[in-house]
């Protein structure tokens, strides 16, 4: 009897199982109306497709890795400055007195399975997080993506940069090793350099004189709770605003200020994003496994009398370190009502300077809008060459930043390249003033030159390399016009701020250029019957073929 | 004349020479007068502006300077640079012994212990603490060396022999301060050498590339050259280029 | 123009502006997708399969590649788990013991596994999924006039209901009542953190730690504090060789620990000539602080607090490794290069009846980095 019932019951089960996703969906929809247009519009949301739009994603996914690995680390780290005697397996520190924080960092590195790997991944992810934020910010800056209506998201982004900076600083201070302790000591000196309230500020944070007994546990709660929560909230807001305002896009065929051209979010874009998470995660895993980072066991526990040559902070703090190293020995001392006061040297490069940098960063979209008298809404990006002043300013600021960063490690540079340390300081001092000006002028001219060449190609066509002889004996080069021409052979195409093809193979008139590093020569072009029809008959706004996408599909066939 | 007589009486170098030189010391003097005398002067008195007096520096100084190739000096600069020594192998050992005997005869000075494995009975953990308080400020936490003021530098320690490190502590070559046996006892010196040997002999548990153990400066370089560059190449492949 | 694009355009004309009738049995599933997107303001203008003829050799090869990548991911992931559990992981001393490769093996297996997943996904999407271009209209700028009017009315009505503008008493009470509540929230947060840097830390001594170090005799029952090594042992003058230096700490309980982070001091035994030069240069303040050819300078930089302990015995400089300030030992440790502006403080030296170094008094100026009320 039972043997007859069983198969049918099994069949029913199988059928039920098959219908389960649909049934679950129906059930959820009955409760949450998941099939309503807003939910569908989420799936259908169109995203433009360009590699430079993924830079911010590197930061996003590194943050996810930071949360994952960081949670693991909290299971073993002990944020305490109690003195303990090390008894772990690392021999060169056996029986050494150290803080519990440092001892637990050693333990999680040497006495926890995979602990060192996770710690190194966490640190690499942190460096990558801030590097990606900076690179992403440079992309936003140089393409004008911060303009109205996106000023708010720019401000959130700048806030995220500084919060990430603090997250990084608090993070690498936690192990309480000799290197990070030196960093904390400098941080303490910078607090003391704040006018009027300096000592009060430092005493409040350190609960008395440096280093006190609480600073590690205070930094810990800031690093694992307050800052990550704030950053998480701001990232969410950043993405919601991006979603609401829709992504910017490059100008191009069919792309206007009023639309977004690209792929729908689901499934293509979402799958690519998912894949990108795995790439970022994988890169961090590889670096965490192959490149040793922050070997705290070599540095020893923090002792106030201990220091090492080549003491550097993590790379994102180097620009402040560099500014502090290069700043001349100026200090203001004055007497007021019989009391002596000092405006410390460190105030200028380490308090005022970062303050000015932060304010300029926050205010930049409004400064530029005012200078350009621009109140319009912009959804199309600008190529750097089309805004020479901004590009030149950005390049100069970047030069300034890079020189300060290198100067922050100028003793390492001096050692590695066998240059006098004092000379490095002077090179930095002169360079940080001179080079940005030179770079500004050079970039400005470069932008104008590139623009000029684009316009020239639009007007006269592409150089074909074919030389003809005129009846009068003169020679001229044949130019391939990109669009219809007037009787004098001048093209009438408008400059639209997008790539102008400059080689015949870019308009399909020659075989595509050979890509890759290992193919030394381009193959000779196959004998082609005159310039292709596509190029001559259907020029886009820029003289390109009607749509780039179609062209690429042609190539694939 | 009187001054000259007084000088001969009181100058320790010359006084020491009153005793007949040992065989080794005589050989040493021959080498000295060929290779060293132009800067350090007659009988190790020193020549102002060229080379310091060698009276009382002891055999440790000879061993360090000659075996690391710093002496004879190639050219006057911010600091004597290590280079391959002028002699090799046994000849080097022999000549160092001769010169040491001669310098010792000129005015005594700290003596080197015998043997080559001077860190053998040292405790690396104790040595590490001493190293960090006395040595790391110039030579770095991981012994890689570092830049000092105006072109001078502290050399890396990982390739140095035990004897060279010991001799350097004892004699304070170039800008290095002297750590006499009354300040760092022979046992403490052995501890420090044991720690430095730990640094050079222990592999890196954190990966196959240690980035020079420089700390954050090379790590920052790596995150851009490897991390950012690699991932940006990936974005070029994943997403469109127009 | 290729065929799929054509099709997209005819669909567009067929659909018109009114939308399609979803019950029309002729509609394909993709027609529904397109209609759904259209109702979201999105037009799918190009939708073309990568492989118009399914099952071609190229397509099958791509399928195999994607499948292989997933299998590689699985194998590497498995490798990771196996290495994680069975690879010798505990720290061993040695240049290339197997445990030194634990972290690299974990990194490579996990990295390869994750990369393979990523490659498989991207290859799948880019090579197998149909190619699509969609265009979405933007709706920038302010809300519609109607919406703004309605919103304004809603907000204004709420304001009027409360009547804050009509009832000044409430307005005032609101401000006076809520401000202290806010302060009450902030007070413990800020107030709890405040420590007076000028308050004497040790009642029996009556000095603030911001202005005094562990060498203050008050911390030693009024007797001069001994100079000790990091292990707490006192130091005799003959313990430091000529051209030698030693880091010393106050010989009081906890004096060598970070509790007295401002106190580490560099005791230097100068050569005769250098000591003479220093004696000639001594500041008024530093008169009598040297002892024979010994001098002791604070090991806390006057710039940012690092230990400027890179003692160059020939150039007679102390170099700070953090910001490269250089101090001239033979001239009161006066800064001669870099950002530091003040000389390192000099500790007055003496020896006690047992012949050990002591600090004759505390530093005569506050040590360490500058601050406002210094």
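Labels for the chains are A, B and C, by order of writing; each one numbers its residues from 1.
Keep this in mind: a contact is a pair of C-beta atoms (placed from the backbone, for glycine too) under 8 Å apart; a residue touches a chain by one contact, two chains touch by 3 or more.
Note that this is a predicted model, so its numbers are computed, not measured.
Peer 1: Looking at chain pairs A-B and A-C, which one is connected by more C-beta pairs in contact?
Peer 2: Higher C-beta contact count between the two pairs: A-C.
Peer 1: Specify the chain with the shortest distance from its C-alpha centroid to the centroid of every protein C-alpha atom present.
Peer 2: The chain sitting closest to the overall C-alpha centre is C.
Peer 1: What is the distance, in whole Å, between the centres of chain B and chain C, each centre taken as the mean of its C-alpha atoms?
Peer 2: Roughly 37 Å, centre to centre.
Peer 1: Using Cα averages as centroids, what's the distance between chain A and chain B in whole Å?
Peer 2: 45
Peer 1: Between chain A and chain C, what is the separation of their C-alpha centroids in Å?
Peer 2: Taking the mean C-alpha position of each chain, the two centres sit 16 Å apart.
Peer 1: What residues in chain A touch two or more of the other chains?
Peer 2: 91, 110, 116, 120, 272, 275-276, 279, 283, 287, 289-290, 303, 305-311, 411, 421-422
Peer 1: Multi-chain contacts in chain B: which residues touch at least two other chains?
Peer 2: As it turns out, chain B has residues touching two or more other chains at 129, 133, 137-138, 146, 148-150, 154, 198, 202, 204-208, 234, 238.
Peer 1: At which residue positions does chain C touch at least two other chains?
Peer 2: In chain C, 91, 93, 102-104, 107, 118, 122, 230, 247, 307, 309-310, 321, 324, 326, 337 touch at least two other chains.
Peer 1: In the complex formed with chain B, which residues of chain C make contact?
Peer 2: 91, 93-97, 99-104, 107, 118, 122, 126, 230, 238-247, 268, 307, 309-315, 317, 319, 321, 324, 326, 337
Peer 1: Spell out the residues on chain B that touch chain C in their complex, using ranges where they run on.
Peer 2: 129, 133-134, 137-138, 146, 148-150, 152, 154, 172, 174-180, 182-183, 198, 201-208, 234, 237-238
Peer 1: So in the complex, which bits of chain B are touching chain A?
Peer 2: My answer: residues 78, 124-125, 128-129, 132-133, 136-142, 144-151, 153-154, 195, 198-199, 202, 204-211, 213-224, 226-228, 230-232, 234-236, 238-242.
Peer 1: Tell me, which parts of chain C touch chain A in their complex?
Peer 2: Answer in residue numbers: 1-2, 5, 36-37, 39-42, 44-46, 48, 84, 89-91, 93, 102-108, 110-115, 117-119, 121-122, 124-125, 129, 131-138, 140-141, 193-198, 201, 209-210, 230, 247, 249, 257-258, 260-264, 299-300, 303-307, 309-310, 321-326, 335, 337-342, 368-374.
Peer 1: What part of chain A is in contact with chain B in the complex they form?
Peer 2: Residues of chain A touching chain B: 49-55, 58, 91-96, 109-110, 116, 120, 123-124, 127-128, 131-132, 135, 178-179, 250, 252, 272, 275-276, 279-280, 283-284, 287, 289-295, 298-300, 303, 305-316, 318, 405, 409, 411-412, 414-415, 418, 420-423, 499, 548.
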